[in-house]
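Here chain A shows up in two complexes: once beside chain B, once beside chain C.
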Partner chain A sequence: MNLRDGLDGLRDFWKEFSRVKTGLVGLAILLVFIFLGVFGRWLIPFPDAMKHWQDITYWEDNPQSAPPAWTNWFSAKKGVPSSVLARPKVEETKGDNDVVIKAFTFDFKFTYDLAPKDLIVKMAGDGPIPAKIEIYRPDGTGGEIWRDQLNLSPGQGERISLARSASDGVLGFVQSQNPDIAATIDPTLIKPMTVMFTKIAPDMETNPVALKGEYRIVVTELVPSSDYKIDTPSIEVSGHVSGILGTDKSKRDLFTGIILGIQWALIIGIMTSVISVVVGVFLGIVAAYFGGAVDWILTRIYELIYLLPVLPFLIVISAIFKPSIWTLIILICLFFWTGSFKTVYSMALQIKEETFVEASKALGSGSWRIIVKHISPILLPYSFASMALSIPAIIVYEASVSLLGLGDSTIVSWGQILQAALTQGAVINNLWWWVIPPGLAIALMGMSFAFLGTALDKILHPKLKTR
Partner chain B sequence: MQSPESTSVGLRTPIALELKNLRKEFHVHRGKTIIKAVDGISFSLKRGEILGLVGESGCGKTTTGKLVMRLLKPSSGSILVDGEDTTAESANSKESDFAYRRRVQMIFQDPYASMNPHFKIRDVLEEPLLIHRVGETKEERTEMISAVMGKVKMTPVEEYLDRHPHMLSGGQRQRIATARTLILRPEIIVADEPVSMIDLSTRAEILQLMKTIQQEMELSFIYITHDISTARYFTDRIAVMYLGRIVEIGTQDEVIDDPKHPYTKALIQAVCEPVSGRVGLMRELDIKGEIPSAANIPSGCRFHPRCPYATKDCAEQAEPELMDVGGGHQHACRRWKEI
Partner chain C sequence: MYWKYVVRRAIYGIMMYIVMIFVFSTLFNSVADSTMRSQIDEQVAQESLGWKNLTPDQRDAKLASRRADKIRQYHLDDPLPSRIFFRSIRTLTFDFGNSTTIKASNGDRLVIGIIGEALPRTIVLFTTEVALVTIVGVAMGLYAGRKPNGLLDRTVSMLTMITNGLPAWWLAMLAIMAFAYNIPIFPSGGLHINPAPTGFAGILDYLWHLSLPLLTLFFLGVWGTAYLVRNIVLSNLQEDFVMAARARGVGESKVLFGHTLRTSMPAIMTLAILGLFSSIAGNIIVEGIFNWPGIGNLYFEAVQQNDVPILMSTLAIETLLTMVGFVILDIVYGFLDPRIKVGGTA
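So, the complex of A and B:
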C-alpha cells in the first residue's frame, strides 16, 4: 500500500467517523485533554510545580485547604483570594555616606469580609539590610508593624510572615489608636491580620467587621553602602480561597495538580493500554491461528501470569526496585496483556475458520496477510474498547502503588492527589474540591475513550451500521 | 513467479487437471477414529470442460474441491495440473504454491460468508491483485477491477465499488465472488455449490453467466453440487460421488438419461418436478436410510446397505471398480445388467 492509498483510507475513515456523534464528543474531550496535557504547563500559576510537587517549602506561601476562588460567589462572607502583589511604586532617598533608603509601596484593594490569612513579604538582596514594614489603612490610620535587621545573601532571601512576626507591631498600632481596646487583647493570642483589616472596636476580636478599601503596604529597606544591594520585594496574599480549584492540606494548588496530572494520565493510560492490548491481541491471534506448540506455550504463559495477583506483585517489585514511571508502565503491561488475550484467542479461533479466511487462502494469502488483513480488523473494535476500559484501571493501579510510597514521586498523577485526599481526611473535612476534580478528571478521560471505542466499533463493524 | 502468458500458453495439454487415486483421511478422537472423506478417486478434467461433481452432503465432494484447491493436503494420491504432479515434494515450495493459486481458483458455496464483511467490493476484488502483485498503481488495479466487473455484469462499476458485501443481494455477491476468481485469469475453477444459497429466480441467470464466461475464457470448471438438475443444465460431464468414491461418471446426457448405478437412479428420481397433478404426490424412493458415516464405511460395495438390488455378493465380495460401458461412461455396479 502506498502513501496515497493510506491517505485516501484515512479520509474515508474520517468521513464515516464524523457521522457518529458520541465519537465526536469523545474525541473533543480527548483533544481538550491532549491540548491541556501539552500546553498546560504554560497555563498553570506554578510553572515549576512538576519538579516541586512533593516539596513543602515550594508551596508554603499558599493557604492550607483553601476552597476554590469562585466559591465566593456562593458564600455570605467573601474571603480574600490568594494573590501576589508585585511591581510596587519605588521611592529612593539618598542619605549620608552612600546610604540609600528604598521605599516600596504596594496597593492592595481589600473588598472582602474576611481578612487575609497572612501577608508574606519576600525580600532578597545581598548584605545586612535593616528593613521595616508599614500598613496604611483606608481610614487614614496605620503605621509600622514590623522592623528588623535582615542578613541577605544571594540565593538566600528572607520570607517574613506578618501573621506570625507582626504581633507586637500590630498590638502597638492598636494601642496608638485606642489603648482601652488594646488592653483587652491578649498579646499571645492576637491575630495580626484580623486586627489590621478590621474596624477598631471593642469586640473586634470576637466579631470583626472588615474595613474595606484601598490599603497601602510600604516596605522600606536601607542599603548601607554601594557594596550591598537589594531586589524589589514582593508580597504574597495568603487568602481564604485560592485559585481555580483550591488547595490541599499541604498547601498545593490543586488546579496545577490536575493539569499536570493530565499528561501523566495520558502517558500512563495510553502507553500501558496500547502496549498491553497490542501485545495481548497479537499473542491471542498468533496462538489461535498457528495452534500447536505455539498455542500451548502462550496459553501456559498466560495462565501463569493470570494467576499472579497483580497488586501484591506490583507492590513487592516496586518496593525492591523503586521503579521509575517507565519501569512501572512496563510492569503493568506485563500483567495487563492477559486481559485481552483469552477473548481475542477465542474470537480468532472462530474467525480463522470463516469462509472468507479460507477464500483468502485459496487466493494465495500467507499467514501474516490473513492475520493483518482479515483477523485483526475484526478484533480492532474489541481492542479499542478493551484499551478504553483498561485505562481507568491502569490509572488506579498506578495510584495504588503511589499510595504506598512506592510510585515514582517525581510525577504528579490524579491517583496520587486522590490518595493524598483519602489519607489526609479530605472526605471527613468536607474538602470536596480535593476529591471531585481528580475523580471527575479520571471519569472524563475514561468516558472519552469509551465514546471513541463505541464510535470506532460502529464504523469498523459494518453490520451494526444503519444502511 | 510465472507470468500469466507462460501458464496459459506454455505447456498446454488437453487434460487440464487429473486426480489419481486421491485420498483424504481425517484422524479424530486422538487418532482412534479415521474418517475417510475421500477414498481413492480418479478423474480427469479436459481443457474447457465443465465437470459436475454430484452427491449427497457428506459424500466428500467439498473435500475433493478443497484438495484440488490445496486448502487440504491429500493423505495419498496425486493431483496433476497440465501433467505436472503438484503434490510431489518438489512442488511443495511457496513459489509453486503461489503459481498454483494463479491457475486454480475457487468459488465458494456461501457468498455471504466468503467475503470479509469489513471489506468493500473494491477491497474484495483488489485482494488477489495485491497478493500476486499484479498492477503497479491503484489506477491500474481499478481498471482491472472494472474490466472484471463488466464481465460479470456488475455495472455501473462505480455504484458497487464502495459498497460492503452485505449491501448486495445474494446473486450480486456471487457475481463478485466469481469476479474475484477471474481477475487473475486462472485456468481451472472449482465452484462449490455456487448457486445453492441463491434464490431460485436468479440461479439460472448466474449459471448462464458462469457458462458464458467459461466459454469466453476457455476455463476448465469443476462444478460441485447436490442438485443433479442444475448439473445437467450446466455441465459437460457428471461424476456421481458416494461416500468418498465416484460410482458413476460420463457425459451429462448419458448419466442422466441412462444411469447405470442404482444410486444415480435414486438421485435422478429424487428431483422434484413442479408439474400439476404430481405436486401432491410424495415420491417414494427406492433407496432407504441415510448416508452412512465416513468413519464406518460398509464392507463390499459401500452402497449395499441402502441398495434395493443388493445381494449377498454385494456385501461380501470386494468393492467393484469403475467399468466402462462405452464412450467414457463408467460406473461401479456389478449388477448393472440385471437391474
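So, the complex of A and C:
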C-alpha cells in the first residue's frame, strides 16, 4: 500500500464517516476533550493543582463547599464570588531614621447581598514589621480593624484571616459609630465580616442589610530600616460562590479537578483499549493460524478470563497490591483483550485459508511474517470500532475502583473526586456541584467514544446498517 | 447423542470451575496467611493474660510454643503448594468454614449462614431487575427492530450510547440526591425503616425501599438490552426466509413473532440466562450506595476487613453460578440448534 492509496482510502472513509451524524457529534466532543486534556493545564485557575491536589494548605484560601459562581443568577441573595485582590496602589512615606511606611490600597467593589465569608490578607517580607489594616466603606465611615507586629522571614509569610482576628477592631469601629448598638453585640460572637459589610442599624446582626459600593482596604506596613523589606501584600476574598464549578469540602476547586481528570480518563481509556485490542487481535490470529496446542491453551485462557467477574477481581487485586495507575491499566487489559479475541479468531480462520497466504508460504515466508505482515493489517481496522466501544466501560471500571478508594491517589481522576464526594457526604448535604459534573464528564466521554465506535461499526460492518 | 453432549459439557464446566478455584486460592494465599497469623498472635496474647507466676523468659518461651502450636493446627507451616491445595479442596467441597471478622445478624460466624442471609436480598433486587429489563427490553427491541429509524429505534439507540458509559453508581447517587433529599418520596437506602414494621405494612415498607434502586437499575439496563435485541432482530429480518415469508403474503406481525422472534430466540436466551445468573453477584458499589445489605456489600466489607473465607466463598459461588449459566446455555443451545452438538467440541 503506498501513500496515495492510503490517502484515497482515508478520503473515502471520511466521506462515509461524515454521513453518520452521531459519529460526527462523538468526534466533536472527543476533540474538545483532547484539546482540554492537552491545553487544560493553562486554562485552569490553579496551574499547580496536579501536584497539590491532596495538599490541604495549597487550597486553604478557597471557601469550603461553595457552589459555582453562576448560581448567583438564580438565587435571591447574591453571594460574593471568591477572588484575589492584587496590584494595590502603593503610597510610600519616609519617616525619621530610614523608616519607610508603605500603604497599600486595595479597591473592592461589593455589590452583593451577603458579606464575604473572610478576607485573608497575605503578607511576606523579612524582619519585624508592624502592620495595620483599615477598611473604608462606601458611606465614608471606616477605620482600623487590625494591628499587630509581624515577624516575617523569607519563605515564611503571614496570612491574616480578618474573620477570625479582627473581632476587637470591628467592635471598636461599631463603637465609634454608634455606642448603643455596639453595647448590644456580644464580643465573643461578633462576625467581623458581616458587620463590616452591613449598614449599621440596631438589628444588623439578626437582619443584616448589605452596604453596597466601593470599599477600600488599606494595608499599612512599617519598614523599620533598610535591612528589612516587605513584598506587596495580596488579599483573598473568600466568598459564598467560587469559580465555574464551585469547591468541595476540602476547599478544592472542582473545575480544576474536572479538567485535570480529562487527561487521565483519556490516557486510561485509550491506552487500555489499544493495548488490549492489539493483544486480543494478535492472540486471536496466533490461535487461529497455529491451531493445535496453541489454539487449545489460548482458548482455555480466554474462557477462564471470560468467566472471571471483572469488578470483584479488580477490587480484590487493588486492595491487596495497591496498584499505581499503570499497573491498573495492565490489570484492566488482562480482562479486556478477550473482547476482540473470539471475533478475530473466527475471521482469521477464514483468512488463513486464502490463496495469498498460501502464496506467501510458497514463497518461503515464516509464520510470524505472515501473521504480522499479511493477516494483522486486514483484521486490525475491524477492531478500531471495538477499541472505541470498549473505552466507556474501561473508564467506568477505573472510576469504580477509585470510588472505593482503591485507586492511585497520586493522580486526579473523576472517580476520586466522586469518592471524596461520597465519603464526605455530598449526597446527603445536596452539594450537587460536587456530584453531577464528574459523573457527567465520565458519561460524556463514554458517550463520545460510544458514538464514534457505533459509527465506525456501521461503516466497517455494513450488515448492521439500518435499511 | 444429546445426553453425551450434555454430560461432556457439564464435566468440562466442572473442570473449569476447579481451575478457577485454584486461581483464587493462589491469589488469596498471602492475604489469608497474614490475617490468620495476626489472629493467632491476638489469640495467644489474649491467653497470656491468664498466665501467672512466670519469669519473662518462661513467658516468652510459652508464648512461642503456643504460637507454634496454633500455626501447626491451622496448617500454616505446611509448604505453600499444599496450603493452596487444601484451601482449594475445602472450597470445592463447600466446606467454607468460619469467617474471620464478619458476623451474621445472629452473631454467628458460619460463612454459609452469612452468605445465606445476604443472597436473598441481592436476588430480590438484581434478579427482579434483570427479569424486568429482559421482558421490557425484548419487547422494545422487537418494535424498534421492526421500524428501523423510527422514533423508538432512535430513542433506544441514542439512550444505549448514553447509558453505555454511565456508571450505575453515579446514577444511584443522583437518584438518592433527587428523590430522597430534594423531593423526598423514597428512602435514601436500607431494607426497611427502623424499627421494622411487621405483617403487610412490613411488605409495603420493603417494596418502598426496593423501588428506588430497582427503578434506577432498570432505567440504566433496559436500553442496552433493547438495543441488542433490536440488532439481533434486524439482522434476522434481512434473512432470505423472512423475504420469502413476506413474498408468500405472511402478515407482518406473524413474520415478526413467528419467524423472526423464533430464530432470534437462541441469542435472546443467551442474554436472559447470562443476565439472570450474573445478577446473583449483585453490584458491589450500587449496593453500597443504596445501603442494600446483599452479596455485593458483603463482598466489599470482606475486602476491607481482609476476611478471606468470605471473599473466597462469595467469589466461588458467583463463579459457580456463572459457570452453571454457561453450561445451561450451551445445553439449551444444543437443544434449540441441533447443528451445535454435531460440531461437538464446544
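In this section, the second predicted complex is superposed on the first by the 372 of 467 C-alpha atoms of A that agree within 3 Å, B and C clash if a C-alpha of one lies under 4 Å from a C-alpha of the other, contacts with A are read in each partner's own complex, and residues count from 1 in each chain.
Quick note on the criterion: a contact is a pair of C-beta atoms (placed from the backbone, for glycine too) under 8 Å apart; a residue touches a chain by one contact, two chains touch by 3 or more.
Nothing here was measured: the structure is a model prediction, and the numbers come from that model.
Engineer: Does chain B (first) or chain C (second) touch A:L418, or do both, or does neither?
Structural biologist: second
Engineer: Based on the superposed arrangement, let me know which partner A:S365 touches: chain B (first), chain C (second), both, or neither?
Structural biologist: first
Engineer: Considering only the touch criterion stated at the top, classify A:N430 as touching first (chain B), second (chain C), both, or neither.
Structural biologist: second
Engineer: Determine, for the superposed model, which of the two partners chain B and chain C contacts more residues of chain A.
Structural biologist: More residues of chain A are touched by C.
Engineer: Between chain B (first) and chain C (second), which does A:V344 come into contact with in this model arrangement: first, second, both, or neither?
Structural biologist: neither
Engineer: Of the two partner chains, chain B (first) and chain C (second), which one does A:P309 touch, if any: first, second, both, or neither?
Structural biologist: A:P309 sits against chain C, while chain B stays out of touch.
Engineer: So, A:I442: does it touch chain B (first), chain C (second), both, or neither?
Structural biologist: So A:I442 only meets chain C here.
Engineer: Show me the chain A residues, by the header's touch rule, that chain B contacts in one structure and chain C contacts in the other.
Structural biologist: Residues 463, 467, which sit in both footprints.
Engineer: Give the list of chain C residues in touch with chain A in this complex.
Structural biologist: Result: residues 16, 19-20, 23, 27-28, 30-31, 148-149, 153, 157-158, 160-162, 164-167, 169-171, 173-174, 176-177, 181-182, 188, 231, 234-235, 238, 278, 281, 284-285, 289, 299-300, 303-304, 311, 314-315, 318-319, 322-323, 326 of chain C touch chain A.
Engineer: Flag every residue of chain B that touches chain A in the complex, lowest number first.
Structural biologist: Within the complex, chain B touches chain A at residues 69-71, 97-98, 101-102, 105-106, 108-110, 113-118, 127-128, 131-132, 138, 164, 166-167, 177, 180, 184.
Engineer: Can you check the complex and tell me which residues of chain A touch chain B?
Structural biologist: Per the stated touch rule, the residues are 2, 4-5, 354-356, 358-365, 369, 373-374, 377-378, 460, 462-463, 467.
Engineer: Applying the document's contact rule, which stretches of chain A touch chain C when the two form their complex?
Structural biologist: 22, 303-304, 307-309, 311-313, 315-317, 319-320, 391-393, 395-396, 399-400, 403-404, 418, 421-422, 427-428, 430, 432, 435-436, 439, 442-443, 445-447, 449-451, 454, 463-464, 466-467
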